[in-house]
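Common to both upcoming complexes is chain A, partnered first by chain B, then by chain C.
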Partner chain A sequence: MTIQFNDETFYGDFTFKNSDWAIKRFPFPFHEDSYMYSVNMEPHKSYRPGSVFERTFDVDEHYVSEMKDRARVLADDPLRCQSLPHMTLAGWDLVELIMEAKAAEYPDLFELHKDGNRWRWINKPLGIDDTFTFLDESTLPYGPMEYITRQTQGDFAVLDQRDDNLWMDAGMVTTQADWSLDFDIGMNFFEWHAPVPKAHEMGIFVRALKFLLNIQQGQPARRLNWTMTVNPLLDTSPENYHKWGTMKQGLTKDNIGEKQHLRVELQTFFRLPRSNALVFPIRCYLISFNDLVTVPKWGRRLHRVIRDLPEELATYKGFIDNRPLMVEWLSQYDDGSPTSDGIWPDE
Partner chain B sequence: MSAGTAKLNVTVAEVKPVNDLVTRFKFVRTGGGDLPTFSGGAHTVVEMQDGGITRLNAYSLMSNPADRGAYTISVRRDDEGRGGSKFMHSQVKEGMEMVISNPVNLFSLDLRAKKHLMLAGGIGITPFMAQMHQLSMMGGQFELHYSVRNASLGSYAEELDAKYPGKVTIYHDDQGEAIDLGTLLATQPLGTHVYVCGPKGMIDWVHGTAESMGWPREAVHSEEFLAPASGKPFEVKCAVSNKVVQVGEHQSLLEALEAAGIDAPYLCRGGACGQCETNVIGYDGKFLHFDHWLTDEQKAGGKHIMPCVSRFEGKTLVLDR
Partner chain C sequence: MSKTEFPPSIISRPVYGELEARSGSGHLMIADATGAEAILDLAKSADKDFWAKAHIIYIPKNTGTKYSSQLEDLGAGQFYAGPSYEAAQSRIRRALQDCHMGTQVYLTGTESLMGQAMAEATTAGIPHTAIQTEHRGSTARRMQCVHCKGITEDVTTDPFECSHCGLSLFVRDHYSRRIAAFQGVRVDAEDPGNIPDKVELFK
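Entry: the complex of A and B
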């Protein structure tokens, strides 16, 4: 297999680590030295070979361990995966989308063989070889959405489209930045975004919804979002806040480089063909400050972004208390020299 | 985002007259291979190279959504129209290569519905044909009430009756048959959704009747594509592209922008989806708004226009394109 999968944990002893390859391809989210919300959507087309934008669903060295972490979280809390009854067809759409894309783009890792509606799916990294009947739930060990998202990195919100709105009617959410599927299930686009500061008065959500309602088959879109996480935790859910929230208090000048992680979400949007629903995969990438500053441009830029971020945003993203420490530590890596445009490291 | 939707290269596999007014067209992928799956109610935009003019008309897909081998549409000839349907009827032959858009659904089923009550008028039958395929595959409950002018112009009426016994009722205008909407709506089980596709009068009648009987707005769905109206020629200045564009008598504003090489977004080309909404920078004259998208307030405000169907009369119009 072309990818060496890590054996690592995202809880307890936190053995998660990025290889040099993973650092170099990290989706650094800041294209300039400051940050404000925007509807920063672009077509989800293959871009920059080797980057996280090359494939429809990126598979990297964390794949196998992330799937183990998902299984662990689900065993503790089955409500992280929910699908209202009318969303089963969308689940099958998702099975087809992911299997076809992965089999075509990673032929050494995944295979899909179709004989009419009789499908055989081989997932080599996870040791799965299943044959099932497409659109017949009784032939899979889980519902279709749960089945395929137990084998795909990233959270998945599956949104029903009706009444000129989007509805959070299904999802698999175990790697989230402090939001809860169980709380949001059944809500519409404006309801589940209600806690976000500033963006409402900026008219961001009205424009974003209009864009999303018009996403068409064959024309997926993507954007990046980001926040901060202390320790490489995938599961920073409200349900488990009592377990991870206190970790934010243990940050010191000596351990921040190792413990503080920039958390970036590659969010993509696909129209699903049979159900006319929208799927919103939210893929989480983590990088420690120590690893991040090995790219000099990123170290300089992150210092400036965090230093100048509006207070409401630092509060909403949950790192207002640690911001002074972050800025102090990052300032060592900012010599004041200019940074080049765009997100990529300088060659 | 660039204008319109991703395109599909197709070959016309069959041209079949259904009756005096309606002809059915079957498309397969040029060079073989599967077409994308779609959902019942979706349409495709067909590109027609008619002399020097590119015509783009939206037609509902009527074939089985699960059949990726071919798409079929039915086109009703409109002798008073601007020429798209006449082109389809007179110029499109088997074996011809054409370009169509990926499927777009602006009339999808509400999959929460306990039952789907479908009301069709004339050529408005086509999206329901795909939806009935989809529902029968999924085991969904549905019922079709289909109003036609007479038996000979009732496209697919007999075929549907035979295929879905007990679920289809046909009404012939020439025999004085009409849908008893009041009784029909009063006798539906809770959780029923109503769908109507047909002439504007029929759509308004269904919405009005349902509302007066206390049906929730979200449970009544309709689709009506407008054909762009012809009108007096006018001139438009495009501020972003720095171009002056002439809109011809039988051309829509959107078509004129496209012909001038201006990247203008669109999806339905029929005043329904909102995608082509364009900001007005300045004007001296009168707007002729024909769309279903803008609110009455917006139409009166003079700051927005839907170039796919709406027109302008007057001295100057400056657009943000």
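Entry: the complex of A and C
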């Protein structure tokens, strides 16, 4: 196999670690020295070989351990995966999308063999070899969306499209930036974004919805979003906030480089062919401050972005109390020199 | 008491209107406490033959018999007064099932009543456009604890204690129509034991 999968944890002893390869390909989300909301959509086209934008569904060294973490979270709280009854067909659409993409783009890791509706799916990293009948739920161990998203990194929101709106009617959500699928399921686009400050007034959601409603089959889109997480904890859920909230208190000048992580979401959007639903994978990438500042441009830029971020955003993203410490620590890596345009490290 | 004016809030927070008698093949009216006043107000402008096709389901809560007899005197085809929403729930479900095309649904009273009945009505396939709401009376909130998922009714303070797991929760404006509740989140999650004083926000 081409990828060496890590054996690591995203909770408890937190043995998660990025290799040099993973650091180099990290999707740093700031293309300039400041940040404000924008719709920032672009076509989800293969771009920059080796980067997280190369494949339809990026598979990296964390794959196997992330899937173990998902199974752990689901065993603890099965409500993290839900699908309203009318969303089953969209689940099958997703099975097809992911299996076809992974089999085509990672032939050494995944295989899909079709004999009419009789499909054989081989997932080598997870040791799965299943034969099932496409569109027949009784032939899979889980519902179709749950089956395939237990094998795919990132959260998944599956959105029904009706009444000129998008409705969060199904999802697999175990690596979320503090939102609850169980609470938000059934909400429309504006409702589930209701708690986000400023962006409504800026017209961000109206424009984003307009864009998303018009996404066509075979023309997926993507954007990056970000927040901050103390410790490489994938499951920063509101359900468990009373268990992880205290971690924010333990940051010091000495441990911040190791404990504080920039959390980046690669969000992609695909139209599904049979259901006309939209699937919205939200893939989470974590990087410690220590690893991030090994790229000098990123260290300089992150310092400026965090220092100058409007207070409301730092509050909403949950790091207002730790911001002074972050800025102080990051300032060591900012010599004031200019940064080049774009998100990539300088060669 | 007239209808409530709520301060501006986030988009998921429900907004309510004012009931008006609309023409329909039937009229299902579900109310609690001072929601009765909204029905009595509507009665001032309703035609005489409106009531024959009406079904009133009323939960007096702490208003005693103050409104029950006035509502009964409207002469609805069906009138029911019950001791609690839970007690009335199976009747509400049945009444929604029996709705025909063109039945108008009227919900009035507390947010808890309207929210739960709205969830039942949409589950039963009644279109949004056939459902009217008007808030009357208490602004106490029905809250879901995001941690244990338990519902606490009639919350008037922020923070409050979850009636199931006992955690102190702060009151968000984020609202789920499916659960018919606002979201409560542990107030001292980042600093256990540091619980701010309760403020009475809702009456």
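Going forward, the second predicted complex is superposed on the first by the 347 of 347 C-alpha atoms of A that agree within 3 Å, B and C clash if a C-alpha of one lies under 4 Å from a C-alpha of the other, contacts with A are read in each partner's own complex, and residues count from 1 in each chain.
Simple rule for what comes next: a residue touches a chain if its C-beta (ideal position, glycine included) is under 8 Å from a C-beta of that chain, and two chains touch if they have at least 3 such contacts.
All values derive from a computational prediction rather than experimental measurement.
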Contacts of A:Y47 with chain B and chain C, given as first, second, both or neither: neither
Partner chain in contact with A:I185 - chain B first, chain C second, else both or neither: second
Chain B versus chain C as contact partner of A:A194, first or second or both or neither: second
Which superposed partner A:H242 touches (first chain B, second chain C, both, neither): second
Which superposed partner A:Q219 touches (first chain B, second chain C, both, neither): first
Partner chain(s) touched by A:W21 [first = chain B, second = chain C, both, neither]: neither
Chain A to chain B touching residues, read off their complex: 43, 84-87, 89, 96, 135, 160-163, 210, 214, 216-219, 221, 273-276
In the complex with chain A, residue positions of chain C that touch it: 10-13, 144, 146-147, 149, 167, 172-174, 176-179, 183, 185-186, 189-192
Residue ranges of chain B in contact with chain A within the complex: 1, 5-6, 36-39, 41-42, 65-66, 102-105, 108-112, 134, 137-138, 218, 267, 273-275
Residue numbers on chain A that touch chain C, as the complex places them: 79, 180, 182-187, 190-195, 200, 238-242, 245-246, 248-249, 321
